[in-house]
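Both complexes below contain chain A, partnered by chain B and then by chain C.
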Partner chain A sequence: MKRVKILVLLALLLIAIVFPVLISPTTAVNDMAVYTMIYAMGVTGWNIFSGYTGYISIGHAVYFGIGAYTMALTCQAWNVPGGYLPFLLLPLAGLVACAFAVPLGFLALRVRRYAFSVTTIALMFIFQLLGYNLRGITNGSLGLYLPQPSWSSGVYDLPFYYVGLALLLLAIGVSWRVRHSKYGLGLLAIRDDEDRAFGLGVKTAAYKLSAYVISAFFVGMTGALFVYFLGTIFPQFVFDPIVDVNLTTMAFLGGLGTISGPILGALIVTPLQQWLLLQFGGSSLNLILFGSFLLVILLLLPQGIVPSVQERWASWRAHRLELARVKSLNGTKNQPALVEKREGR
Partner chain B sequence: MSSLVVQGVVLGILTGGVYALMASGLTLIFGVLEIINVAQGILVILGAYMAFVLQQTYHVDLFVGLLITIPLMFGMGVFLEWAFIRRIKGDRITLSILVTYAIALIIEGILGYFFTTNYQVLHAWYIDATIPVDGFYINVIYIFVFLLSVVLLGILYFLVYRTPFGRRLRASMQNRTAASLIGINVSRVQAITFGIGVALAGAGGVAYGATNAFNPASSYDLIYRLLVIIVLAGMGSLGGSLIASLALVIIGDVVALVWSPVWSSTVFFVLLILLLLLRPQGLFGRVEGRKQ
Partner chain C sequence: MSLLEVQQVSKAFGGIQALTSCSLSVEKGSITGLIGPNGSGKTTLFNVITGYDSVDAGDIRLGGNDITRAKPDRVFSMGIGRTFQLTRVFQRLTVLENMHVALPRKVRGLLLHWGSPHEQTRALELLDFVGLTKLKDQPAGTLSYGQKKLLEFAIILVAEPKLILLDEPAGGVNPTMINELGSRIRALNEKGITFLVVEHNMEFVMGLCKTVNVLHRGTTIASGSPDEVRLNPAVLDAYLGA
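Here is the complex of A and B:
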C-alpha cells in the first residue's frame, strides 16, 4: 500500500515536470499552468496556519503584497537585471513578509476565530491603502515595473513554472513535516479545542504566531513570484481581496487542513478562474459563473473534496470488509439477513 | 482650523447615520444567525442601483422609492437566507463568509452585466442644493439622509426592544437552543432578521447613492468599513455599532478636512489596531465564553 502511494506520488511529480513541455505551443494554457503552480505553493503555505489551527486568515494578501513589493523594490534599488537573478530574491521576499507577520500576527491573534478573520480583512485593506498612499516608496496607483527577462516567448514561462514547482515541493515538505510533528499536533489541538489544548500545556499563543509566520513566508514568496511573472505591480492587484478569497476557496474546496486538498483546490480553481476571465472577462459574466460555482461547492461539499472522498472510500471499504466477514462466518451466501440489516443503517 | 473641526464633526454626524444603518443590519445578522454577511457591501450598492432604476425609468423620487426598495430588499433577504444561508453545514461562521462572498460575486456580476462598471450618480434637486451654516455650506441631501437614518434607526430600535418580535429576536440572539425550547420558531426569526438586515442595507444604499458616485466595485470599500465598525463595536452589539459608526465617520471627516483626505481612512484603522491591543473584544462586546 505504501509503495503504491509513493509510486503514485512520483508519477504525479513526473506529470508535473513534463506537463509544460507537452503543451508549450499554446501560451494561454502555459500561463495558466504558471499561475496554478504559484497559487498551489501559496495555498499550501496558507494551509500550514489556517488549515491546521482553524484560524481562517482572510488577510494573507498582506504578505502576498509585501513579498511582491519587496521583489519590485529590491530589483529597482539594486538594479537587478531580468533573468534568473531575481529568483534568488524570493527567499528575501518571504523573510520580509515574515518580519511583518510577527507584529501583525501578534495583533490579530489577540482575538478568537471569526473576529480574527474580520481583523485580518481589515489589516489587508490597511495595507492596500498604504500601497496607494506611500507614493514615495510604491509609486502609488501608477505602479512599478519589474525587470523583464529576455527569454524568447516560446520558453518564457518555463523558468517560472519550474521555480514555482520547486517552491511548491518545498512548501509540501514543510507542511508534511509540520503535520507529522508534535508541533503540528499542537496546532491541530488548537483547532479542535483551544482552551483544552492550553490546559494540557500547548503554548497556544506561540504556536499560533509561529505557524502564522511560516505561512506568511510562503505567501510572501508567492506574491514575489507572481509579480515577477506579471512584470508590473499595482497596489490593488497585490493587496487584493480576491487573493485572500482565492486562497481560502482553494483550501476549502480541496479540504481544509489536509496536505493534498489545498493543492487539488488550486488545480481546480486557478484554471477555472483564468479560463472564465479569458472567455467572459469583458461582460462580468465570469463573476456570476465563478460565484455560482463557489456557492454550489460550498453548500454541497462543505468539508471539501479530499475529506468527503476519503469518508466515502472508508465507509465503502468498511462495508466491503463487513460483507466479506459475514460471508466467511456463514461459510455460504444463503443467509443475507444480517448483511441487509447493516446495509439499512 | 477649529472651524474645520466643527465642519468635520457636523458632516460626520450627518453622514455617520448611514453607516450606522448598514452596520446595524450586519451586526444584527451576526448576532442572530451567527454568520458574517460579507455580501452586505454589495447589497448596499444594489439598493443604490434600485433607486437609480426607479429614478431613471419610472421617475420615482429617491425617498419615495424607499417604499418600494425596502420591501423588495426585505423579500430578497428572506429568500437568500432560505436558499443559501440555511443550508450551510459544518464550520458555520467561516463558511458563511465564503458563501456570502459568492453571493456578493454573483450580484456584482449581475450589476456589472446590466449597468457596466461605469460610475453612476443619482440626481435630485436636493442633492446639489446647499444651505449656508456659519461659514460653510451643507448639501441639503446630508440633512435628508440624516433624518432618514434617524427615522429608520428609531423604527429598528423600537422593533428590537419594544415588540414581541423583538423579544423573540433578542432571545434567539442570547441562546438559540433555549429560545427554541421555549417555543420560539428560531429559523423563522433568523429568516426575518436576515431580511431586516438586507432591507437596512438597501435603505443605506439609497442614502449612499445619493451622497456618492457608485459602481459595483464600490462594495469592497463599503464592506471593509462596515466590518471595522462591527469589530470596533463588539460584534453583535446594536448600540455599539451606532456609536462606532458615528465615531469612525466623524474622525474620518475631521482628518480629511484638517489633514488630507488621502489619510482619512488610515486613521480609523490605526484606531482599530489600538483598540485590539487594549480591548480585544471591542468597545461593547462581551468576553467570549467557552463554547462546547
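Here is the complex of A and C:
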C-alpha cells in the first residue's frame, strides 16, 4: 500500500515536470499552469497555520502584498535586471513577510477564532490603504513595474513554472514535516480544544504564532513570484480580498487541514477561474458561474473533497468487512433461514 | 506531609463570590474527596488550582512550591493533571494521537515524528489499562461518553502526574464502569499517585476516600473521615437546609 502511494506520488511529480513541455497545447494553458503552481504553494503554506490550528486567516493578502512589494522595491533599488536573478529574491520576500508577521500575528492572535478572522480582514484593509497612501514607497495607485526577462515567448513561462513547482515541493515538505511532528500534533490539538491543549502542556501562544509566521513566509513568496510573473504591481491587486477568497476557497474545497486537499483545491480553482475569465470575463458572468460552482461544492461536499472521499472509502471498506463477517456467519448455520426469509418476502 | 496546600483562596466573578477564603489540604499518597451542593465552588476551586482561573487572594502550593499564578501548561508540567466535568478530548485526533498530546515535549525534539518507540509503548500500555486498545485508531469523537471519560483519564496518566484532580469521574457512567473506575484509581494510588476527587455519587466518594472535604458557598465547612463528615451537623444543614 505504501509502495503504491509512493509510486503514485512519483508519477504525479513526473506529470507536473513534463506538463508545460510535452502536454500543454498553448501559452494560455501555460499561464494557467504558472498561476496554479504559485497558488498551490501559497495555499499549502496558508494551510500550515489555518488548516492545522483551525484559525482561519482571511488576511494573508497582507503577506502576499508585502512579499510582492519586497520583490518590486528590491529589484528597483538594486537595479536587478530581468532574468533568473529576481528568483533569488524570493526567500528575502518571504523573510520580510515573516518580519511583519511576528508583531501582526502577536496582535491578531490575542483574540480567538472568529474575532481573529475579523481582525485579519481589518489588517488586510489597513495595508491596502497604506499601499495607496505611502506614495513615496509604493508609488500609490500608479503602481510599479518589475524588470522584464528577455526570454522568448515560447519558453517565457517555463522558469516561472519550475520555480513555482520547486517552491510548492518545499511547502509540501514543510507541511508534511509539521503534520507528522510533535509540533504539528500540538497545532491539531489547538484546533480541537485550545484550552485543553494548554492544560496539557502545549504552549499554545508560541505554537500559534510560529505557525502563523511559517505560513506568512510561503504566502510572501507567493506574492513575490506572482508580481514578477505579472510584471506590474498595484496596491489593489496585491492587498486584495480576492487573494484571501482564493486561498480559503482552495483550502475548503480540497479539505482544510489535510496536506493534499489545498493543493487539489488550487488545481481545480485556479484553472477554472482563469478559464471562466477567458470565456465570460467580458460580461462578468464568470463571477456568477464561479459563485454557483462554490455553492454546489458546499452543498455536496461541505467537508471538502479529500476528507469526504477518505470518509466514504473508510465506510465502504468497513461495510465490506462487516458484510464478509456476516456472510461467514450465515455460511455456517444461518444461511437457509435467511434464504427462506427472503423468499417469504 | 501535604502535597497540595490551598490557603485562604478567594475568587469572585463580577458580583458573585465563588470562593471565599477557602482552604484545603491534600495529603501525599491519599485519595481525598471534595463534595458540596451544586454551585458551591468545587469546579472553580479546580480551575484556580490548575491555572485556568486566576485567584483574587490566597496561596496555592504544590509540594512547597508556589503555583498560585502559574498558567495551565506550567501547572501540568509541575505534576497536576485534571479531568473535566464535561469530558474534553481532542475530537478529530485518533485515540492514540490524543495520548501523545500530553507527553512532555522539548523544543529540540519538536519537529521529530511524534511517538518514539518508548512513548508509543507507554501510550499503548495506558490504553490497555483503561481498556481502549482496540479503538486506538478511531477518532476520539466517535467514542461513547464513558469511553471518552476513560480516554481523558488515560491522557492525564501518560505524563506521570503526582496529583490527579478528577471532576465528577462517575457522572453519567454506568454502575459496572464506576466500580471499574474505582479499582483503577485505587491501583494507581497504590503506585503513589495522589487523588483529589469531586463527585456527587456519595457511595463512590465514601468508599474511595479516606478524607472528605465539604465545600459550601465557596468555603470549606468540614473536613474529616467519611463517617465524621456524614454526621457533621453543618454538612447536613448545607445539603438539606438551604
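Everything below uses one rule, namely that the second predicted complex is superposed on the first by the 325 of 345 C-alpha atoms of A that agree within 3 Å, B and C clash if a C-alpha of one lies under 4 Å from a C-alpha of the other, contacts with A are read in each partner's own complex, and residues count from 1 in each chain.
Rule of thumb we're sticking to: a contact is a pair of C-beta atoms (placed from the backbone, for glycine too) under 8 Å apart; a residue touches a chain by one contact, two chains touch by 3 or more.
Since the model is a prediction, treat every value here as computed from it, not as a measurement.
Following the overlay on chain A, a side-by-side fit with no clash is recorded for the pair chain B and chain C. Within the superposed three-chain model, A:I56 lies in touch with chain B and out of touch with chain C [touch as defined at top]. In the superposed model, A:T119 makes contact with chain B only, not with chain C.
In the superposition on chain A, the chain among chain B and chain C reaching more residues of chain A is B. Of the two partner chains placed by superposition, A:W151 touches none, neither chain B nor chain C. Once the two complexes are laid over each other on the shared chain, residue contacts for A:W275 go to neither chain B nor chain C.
The angle formed at chain A by the C-alpha centres of chain B and chain C is 80 degrees to the nearest 10. By the document's definition of touching, of the two partners only chain C reaches A:L188; chain B does not. Of the two partner chains placed by superposition, only chain B is touched by A:S284; chain C is not.
Between chain B and chain C, the minimal CA-CA distance in the chain A superposition rounds to 8 Å. Where the contact sets of chain A with chain B and with chain C meet, they give residues 195.
On the chain A side of its complex with chain B, the touching residues are 54, 56, 58, 107-108, 110-115, 117-119, 121-122, 125-126, 129-130, 132-133, 195, 241, 245, 248-249, 252, 256, 283-292, 294-295, 298-299, 302-303.
Those residues of chain A that touch chain C in the shared complex are 177-178, 180-186, 188-189, 191-193, 195-204.
Of all residues in chain B, only 36, 84, 87-91, 93-95, 97-99, 101-106, 108-113, 117, 216, 220, 224, 227-228, 230-231, 235, 262-263, 265-266, 269, 272-273, 276-277, 280-282, 288, 290 touch chain A in the complex they form.
Considering their complex, residues 50-52, 71-73, 75-77, 82, 84, 88-93, 97, 100-105, 109-114, 155, 159 of chain C touch chain A.
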